[in-house]
Structures are given as structure tokens and as C-alpha cells.
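Here it is, the structure in full.
Going by the order they are written in, the chains are A, B, C, D and E; count residues from 1 in each one.
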């Protein structure tokens, strides 16, 4: 089944889609990685992160700067992007020792704004609002990726990697520990779970994959500026997770595809486009509050609260 | 005359059928108890009477009026009050604020009067007037939940396991209080795990098993029924 | 490359891209209105060599990522022979590689970022770069107004930064001192009181504003609220009646450069203003004017090239002294324009010619 | 100059505070962050402007109409985008996305109906100003600031002392138990939305007057800052919203005046993050007592 | 050396002394009762033993090791597990998953094992699963293993809490009113169950208001009132203690 699916995916570039459609698919791919990584944090650990775009941006800038200045291979710059993002994830995870709920969400939002504004103002490093241009094509072992099909395969590989790693992680005892933390921190701690350790871990891993997505994006778009990593972007990613169904990897992947495609499909509506998009978002939430593939049982009343 | 009447009431959680067509009647001035093992549907029934859950079939009448599907706030205003399972106090409000909210549908002076009665019944609550309810001990919270339900001076008082978590000496007190307020005119529906105690307090009883009423009789008849002795009282004969 | 076969009356598609939604939507609207006006004019007159012009108005929300999506979509549509857009340099820059690869002209009416036209051979612009406008402004401030102590408030985007850098460089060369250099974030900062208070502390003779009209209006009003009276100088981007409507007396006395002047008695200009007002009920602004001319030039070029992407580029390069509502325009070897500039001043609620 | 900057900061902060109160109220009752609040604020400002300039009503009539209509809009938003979710016990984050949808919708609706260009907001209050210790303080600044204080005090009394206020708090803490007390929680939620949204209209109008301009995007940053202010003060605690708003305003003014204007928001957010780490339940928020 | 030793333990909340200078000890394989009126400080003592509250003063020793002020998750690791008076299950997790969480401290595959799903990981998976099912069987919830725990009735939830606590294979099990919400028959069953725990070698500290349960299985009983220890002894002694009768048992007992 899975093999069938993957082999179908490998065929896609041969089906003669227009470059535009290919571009949408590749972009969806980036958002799938972002949504999967955020799902670990929001869907499983229950931390509503309003700053995921910051990790995405940190990964993008790290990778782009390394590639521009040192002409390094994509394998290296992508991992570096992931690692630097993970480092910031770790930092952001530390306050969770004391902070919870909306207060924590606020800190993630603040972090996102700080990162964007630093990106906007630190001219010597980031070239501020002018952004980084001329980011080289990704190079892997001397192979230069510069065609849509190649980008498509690269993002596909990244998705599969992210998927497998996150999926295995979630099924492991660490994964159940995260869910337990989401459900009841006090009880989780009484079960011997080191809350801080797991939350920091969730932040770092989540940020790592967001960073990887960022570095792919940077090389793919060949131009980045702080505008691409705003709070709105964080919200967009969060919407994908919630729309897709928190805690369901397949769901959030679908959520990503839907939320990348819908605005594209509405493009013809010009100024009505965002109006309709807003309405679509509300309607989607109302029709499936648990998300496309979320568990409907998740909506029943908890007995004791 | 029946003050409360349930006719063929069915209640489900999604596709789990918790209550499967029960008929139940409580007359004015009675103490009626509903007993049954874990998961029999007692709490479900209580919550449905107060409108927290909606039955998918059947009819609930209070004082001859159909209240099926009405909002909880309306039902409460008609004179039904519930001390719920799991206490459900307002954790970040003080004890006295919790009690005042119990009398939400009444006037200030009425509240003050009943407040005194509740405090007399549970002196511990008077001591802890200004403590946040969330920091009370389990038993203290239970006292608060019972006291809060009494504050409404309802015509029909529903108590879901009021003795849970209370010290034996307080349990005795609560049972006495139940009898007393009953004498003063309040009809009571009591759910209790301790069947012996419940049946000794009540006039009549219903036995609920997996969502169905399997026995209904006067309390002393139930107290001596073989089935009940075996399933609910058994064991403890020895002491 | 051979042009796709096309009959006489088959329409020629040109895309107009700009922010139709988002916080710069008003500029996109100007693009849309002006180009539609031009297109209907041309079509009424029989089109280009008999083929009507068909505009495809596209929204990029002034966002780099959206811009690349749009570009990709446009290059895939073979019917489209040229693109007017995008609005900001950021969007234009982001999209440039895609147009270049597909050999589709990207003529931006407004992108003044120096790097923009260096992205490839298909990028054109119809606005003076700040490298040209900055020194003109600096010269005016120092030599004409005789202001030696100048404070700068600039919008923290690519345009604002190049504008203030070019201005400051030229001004300092002419012997002026810059007392303060304060940034704000476009579409986000609305409160300028702290910045103004700070600038007031440095006691400049003049404040140079590298800002769009909406923020300039706010700055002027807040200056007034704080009872601070100082001369203001701005760029051609302020040439918009909205500025006066917004800020009224607060902007009286403000100087600005320009190449489009509604008060220009030139028949062409007056006709444009009339038609625009009739069609949309508002006065055209600077952005409308440059968009109008941009499409005008593209149509001019199409007359000789026919609907072919590559040929269109070549014939655009050759355009000499196009006589539009923003003056005479010629592309230089970098596909940048050099337009003459005038100095205007706002007096009693009107833009007036100062020099 | 420091004094002038403090005044600047306090005025700016007051505008955040007014908006933050609305956030805080809705959060206090429903435990959810209503991201459409920023757009509601914009609608409020536009309604006042439209009634005043296009329909030529008296300013105070316009203001009042805007307050009422915006309040009703709040109720409508709840009914359409939140109530159905509440009824189905959807997770809180779902409501978050739903309100974001509403926000996008409203913002674009404003843009389509009233155009996206910046509009002049008439100055109705006399612009007189006084000079205090070398600082310039306008009547409007004094008015905005006092409005803030008056609202803080009166709202706090309402929440703490009145029956409706108590019902609001009860609903916030345990809605099921609140129903059992005979509280009509739907009515309470409606009142909350009405009040929160009409406060947004007050804030929008005040800010419109202060900056003398409005555009469809004023609500975006204002919304974010107000949310930050509400959280900083201790979300759900009304005086906290005011204190939080004022603090952020002052921090911003100081950052812009003495450090770097480009970083002013970054500094404001950084201070916010640090303060929250030091005091995790906000400045005036009480640490939830953890009884196990 | 006692298995658990408590010396002069005190906890104050503002002006209120919830636990006042308590000495208490437990030895291996004992079942000890802890009773007292509502608000006497019993749950507070549990909270201190498990690290959830930091004692105002006094010391705690587990097998001779000072455990005062240690973080709750480490206490569990060391070997003390508990249930909560206000049930705290992971409501959106299944019955089985709840028990698997209980096994957390007794499993030790790391992230690398999990991501690669290697042999070590798969073996441990299998054993934990088996163990969890065994425990569920013991409390009679095996049939409901795939149910969300929030869908269980009150009594069933109590049982699941005990099962979850037992999963960590604790040296000492702290039970806070396990029989609350159970009827007499179920309580009797619980009594038997706790007795079997003793046979498995467990040490149990039990808070309970159901006197039949307490008197039936506890070897020694401590009685608290207003935070202080007012009595200590065998069930027989306690039942006759006048002070205990007055403060707690009442005449009905």
C-alpha cells in the first residue's frame, strides 16, 4: 500500500503537469514538512506554537547564508539549518518549565516577531528587508538540483524522512509520554515523566524539521526575505495542523495540501480572494472541528474537569 | 402526585447506549434512591434530569411540565438542583462565592438566610469562607458541593454520591441533614454507592443495572431482597 | 523562437500584477485602474494592429512567495506576452528569475531597487531609481533650501533603505550633517511620537521622509500634535492627492520631487486625469500614472514586435522618448529609465510647482 | 525628553490597553483567544467614521451607534464561528483558527466595501494641549488615558461585585457547574462578546482620533499588541490588561526614543518574553494554585 | 532502616498548617492505613511524599535515602507510585495506553531505538504490552483496554488509576481513597485485590474513609486531625480510641 503510494508519487513528474502545478506541489511538500513538525508540538504535546515560522526562517537563513558564503553542499546546509533551528527550539522549550497554555503561546508569538524583526534590522547579516538573493541551487554530492522534477524528488525524500522519523517517535514511549503531558501534566509527572526534558525535546525536534523545510525553501525560491516568515505564516502552518486533524500525520499532510491549494484556486477572484478564503477557513472548522482526519471521538465531553 | 416523572428515557453517548428506556417516578416529599454498580447509568440519569445531557428518546416531566430537552438554567430555575458527581466547584472562587452562586436564582436576603443553615451543617466551610475552593481538601469540596446545591432551596434536590470522600462522622451528619431538609418539604433523589445507607435513608428505591431499571420497591423491601443483598450488600454481613 | 500563429483579431494578453489584497492593496488598485483605462482606450481605437488587448489582473499580495507563484502561473500561460508588475522591488526581485527563464518581459512601473534590472535581460522599470532621485533631492535640500542639519525617517524596506542611503550619501557629500536616521516598519508602525520626540532632540533644520504617503500623513499630523514645526522633504512617492486629504494643513509646505504632475497643463495629462476621474471617481496618483505609461510603452512596443515574448523585449529596448503622462521616457542600456524631475511643494492644500 | 517619551508611551499604551480588555474578557470567559478582535476593532473605527462623515450624524451619535453595532457584530461572530464549535466540544485551538478565518474575512470585507486606502479621521475633540515639565500633552492624550483608567475601575467593579460579573467568572471556571447554578451561560457569553467588541469599537475610534487616520489594517498590529498586553498583564484579569497595555506602550516609546526605532517592536516583545519567564502568569495574574 | 521514614514533616499554606510535625514510618510489605477527618492533611502528606509539594520543614527517607524536595518524576523512578483523590487519568488515551504510561520508568529504549525501530525497541514493545495487559486483567479492565479512559464510569476510572500506578512496579504504593465511588461489593473486591498486592510483596499506604476496608486490611493505622497525628496503632486499638471516635468515626461505627 505504502509502496504503491510512493511509487505513484515518483511517477508524478512524468505526468506532464505544468510548471505551475509542479510548483504548487513542491510548495505543498514544504508545508507538509512544516505541518508534520508542528504536529509533534501542537497535536501531540499540546503546545499551541504561534511561532513555527521563526524556525522555518532560521533554517532558511542559516542554509542560505552558508550556501552563499561558503558554497556548501545542500546536505550540509540543510542539516545545519535544522540544527540551528533546533537550538532555538531548545531555548524556547526551556521556559516551559514555568510557562503554560496561552502564556507559552504568547512567548512563541513574541519569539516569532523578534526573529522577524531581527531579520529585518540586522542588515549586515541578513540584508534586512532586501532579503537574500542569488541563493545557489541545492547541490548534493556534486549533483545540482535545478529542475522541477528534481526539486520534487528532493522534497519527497525529505517528507518521507520526516514522516518516518516522526511517526516512529510518536509510537515510541517518548511519543506516549508527550501525549500524556498534553493530557495531564501533574499525572504525567507522577508517572515518572520528566516534563521539561520531553517538552524541550519536542520543541527541538519540531524546530529541526521546520529548519530543514526552511532550507529547502530558501534554495528552491532562491530568494528569501523576512516577509516570508511572519506571524501570519505561523498561523497558516497551525491552521494546516488543526484543519488536518491534530495528532494525525496523514491529516495534517492533507491540511497542508488543502491550504496551499485553496488560495491558488481562488486566485481568479482577485480582491474577493482573501474574503472567500477567510470564510472557507471558518466553514471548514465548523464542518469538521476535529479536522479532516482527526478522531471525531476526540470531541466528546471529558467526564471530570 | 409525581413531582418528577421519567417515561421511557433513552440516553446515549454517541453510539454507546448508557440508559435504555427507564421509567421512574418521584412523588412530592419523598426520598428516592437510585442504586446500581459502576457504569449502570446513575450519573447519566441525573445529568439528564438537569438538562446537561439530552435524551434521544423519552419524556421527562417536572411538576406536570414537560422539561425534556430544556436548557439546564431553565430547569434549575423551575426548582431542581444537583450536587454533581466529582464536585465541580468553581476552583478559583472562594467558598462563600461558590455558595452565593448556588443561590443565583434567589434574592440576597434569601441567600443570607440559607447560608447560615449551610454553615451550621458544615462548620468547616464557615472556617474556610475565604479559601479558594480549588485548594480545599477533597472532602471539604464535597461539603461545598452539597451546600451549594442546598443554597438554591430547590423543590427537588438531586445528590450524586454525596457521601463520597467524606469522613464517617460527616456522612452521618449529611444523612441527618438530608432527612431534615426532606421534612421541611424538599423532595430528594439520592444516588449512593453505599446501598445499605441509601436504602436506610430513603422511602423508595430503584435498582439500575446496565441502563435498565430491574427493581423498584419500597426501601425496606429492597433492603431485604435477596438479589440486592447478594449483589450489593452481601459480603459485609460478617461485621 | 517563433511567435505562436495568431489571427488578426485574436486578443493579446498582458498580465498586470500587484497587490490587489493585503496592506498595499491601494497601490495595486491604482495599477489595475490605470491599465484598464489604457487598455480600453487602445481597444476603442482598434487595438494593436487590429488585435484587442486583454488584461489579466493578478494579485500577489505584495508578498515575495506569492509573487513567485504568480510568476510561475503567468509564464505557464503561453498567451501572455508581457507582464506589468510587480509593485514592490521585493516582489519583483523574487519573481525575476522565473520570468527570465521563461523569457517574459517583467516591466515594473514602481520597483526602484538597484538590483532589480540586474536580475536578467527581461526586467524593465518605469521609475527613476533612487540612485537618480536621491542626489536630486539632496541637492535641492542643501543648495536650494540651504538646510545643513537634516534628520531622516525612512520606511524599513528595500525602497526606503535605498532611498535614504542615496539621499544621505549625496547630502553628506554636499556638506550636510545627518542628525538622526530613524526607521519605521511599513504598514505596522502608526505611532511616530517617540521617533519625532527623539528627532526633535537633535534639532534638525529639515526632515527628509523616505516614506509612502499614508505614513507621511501620519508623521506630519503627529508632528503637529507634538507642536513641532519643521520643514519636510519627500520623494515622488508622495505625489498623491490622498496625502493632502489625509493630513490637510499638516503637510502644507512639504517639498517633493516628481515626474508626474497633475497640474501639468499638457493636454495628454489633463485628458488622463479626466478619463480616470470619470471612470473611477477618484484622481489618479503617481502609481496610476506610471502604470498607465508602462502599459502604454508595452503597447507601443507590441506594435512593432507583434505578440511574441522575445521580440517584445527587443522592441521595448528600442523605445525612444515615449511621450507619456509622466514625461518623456527612454530605457537606458540597463533597462532603467531616466526621467526628468521637477520639485513641487504643497501649498494651501494643493500640489504646486516649486521649480 | 524622557518625560515626553513617557507621555508618548502611556498614550500608545492606553490604546493597547483599551483593545486588550476585550481580548481579556473573552478569554476570561471562554478560555480562547479571539483573533478576530483586531478586525472588530477596525470595523468599530470605520463605523464611527462612516456614520460621522458619510451619513453626517453627530459625532457622539456616530460613536454610540458604532459601539452598539460593533457589540452586535461580536455576538454575531460568536454565533456563527464559535457557538457551533462550543456545542460540539471542539478543542480550543479549533476556535482559534475559526476566529482567524473571521478576522481575514472581516479585514477583506472592510477593504472591499470601504477601499484599502488610508482615510482621514476627523479630529472632533479640540486639539488644545498643555505644557508640563517641558512635555507637550494634548487634551486627547489625557482623554484616552483617563478613559482607560475609568474603564478599568468600572469593569473591575462589574466583574467582581455584580451578579452578571459573578456569573461571568463562574462560567469561565466551570461552565457545566455554572449551568447547574441556573446561569444561562449562552446569555452570559453573548454579554461578554457584546461588551468585549464594543470596547474594541471604543478603542478603534479613540485610536482613529489620535492618529487622525485609519485604514483596513490598523487592527492587525494593534490586535497582536493588545493580545500581548492582555497576556502580559495576566490574561482574564482586566486590570492586568490595562497594566500590560501601558507597560508595552512605555517600553516601545523608550525603545524607539533611546535605542533603535527599527527594533522597537522586537524590544517590546523581548521584554514581554522575559517578564513572562519571571512571572509566568502575567503581571497581575495569580499563579493557579496547584492542589492535587 | 525503615522502608519509608518521615521525620517532623510540616506543610503550611499561608497561615494554615495543613500537616504539622508528623513522624511516620513504614516497613517492607506492610499495609498501613491513614485516616482522619476531612481536611486533616492526609492528601497533603501524599503530595509531599511524592514531591508535588515541598515540605515547609521536616525530612523524608526512602530506604535510608533522603528524598526531601526531589522532583515528582524522580520519586516515581525511585519507587513510589500513587493514585489521586481527584482522578487524574489521561482522558483522551485508551485504557491500555494509560497503563503503558505507567510503565514509563520501567522501560528504557532511547530516541535512536525508537526512530530506527530496532530489535531492542521491538522486544521492549512486546514485553510492555504483555505486562500492561496482565495488570489490566488483575483489575478486571482487560475487556475495555481499547476504550478511551474518559468513557469509563467513575468506579472503573478508579480501578484504572490503581492499575496505572501499579505498572511502575513501585516499592511503595500510595492509594488516596481508592474505594470512593465503589459500592460495597466492589469495595470487597478491592479489599481482596489489595491483599493480593501484599502477597506480591508490595508496601501500601492507604487513605480511606471506608472503615470496613481500612479495618480489614491494614496492619497499622495512623490517624490525623488538623494536621497532627492523634493516634497510631492496630485497627482494634484505633476503633476503641475515644479521641478517634469523637473526631472521626462517630457513633455509628
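What we mean here is this: a contact is a pair of C-beta atoms (placed from the backbone, for glycine too) under 8 Å apart; a residue touches a chain by one contact, two chains touch by 3 or more.
Here the structure is a predicted model, which is why all the values come from computation and not from measurement.
Traced through touching neighbours, the fewest hops from chain C to chain E number 2.
Chain centres here are means of the Cα atoms, and by that rule the chain farthest away from chain B is C. Ranked by the number of C-beta pairs in contact, the top chain pair here is A-D.
One simple way to say how far apart two chains are is to compare their mean CA positions; for chain D and chain E this gives 47 Å.
Chain D has its Cα centroid 30 Å from the Cα centroid of chain A. Between chain B and chain E the centroid-to-centroid distance comes to 29 Å (mean Cα coordinates, whole Å).
For the pair chain B and chain C, the distance between C-alpha centroids works out to 75 Å.
Multi-chain contact residues of chain D, defined as those touching 2 or more other chains: 108, 111, 174, 176, 260, 262, 265, 290, 292. Contacts with at least two other chains are made by residues 13, 86, 135-136 of chain B.
The set of chain C residues touching two or more other chains comprises 21, 25, 156, 183, 185.
Chain E makes touch with chain B in their complex at residues 13, 36-40, 42-44, 85-86, 151-156, 177, 180-186, 188, 209, 211-212, 215, 247-253.
Remark: chain D residues 27, 33, 35, 80-81, 84-85, 88-91, 93-98, 100-109, 111-112, 174, 176, 224, 227-228, 231-232, 235, 260, 262-263, 265-266, 269-270, 272-273, 276-277, 280-282, 290, 292 touch chain A in the complex. Interface residues of chain A, counted against chain D in their complex, comprise 42, 48, 95, 98-100, 102-103, 105-107, 109-111, 113-114, 117-118, 120-121, 186, 231, 235, 238-239, 242-243, 246, 271-272, 274-275, 277-282, 285-286, 289-290, 298-301, 305. Those residues of chain B lying in contact with chain D across their complex are 50-52, 71-74, 76-77, 81-82, 84, 88-93, 97, 100-102, 104-105, 132, 134-136, 148-149, 152. Taken in their complex, chain D has these residues touching chain B: 163, 166-167, 169-170, 173-174, 176-186, 286, 288-289, 291.
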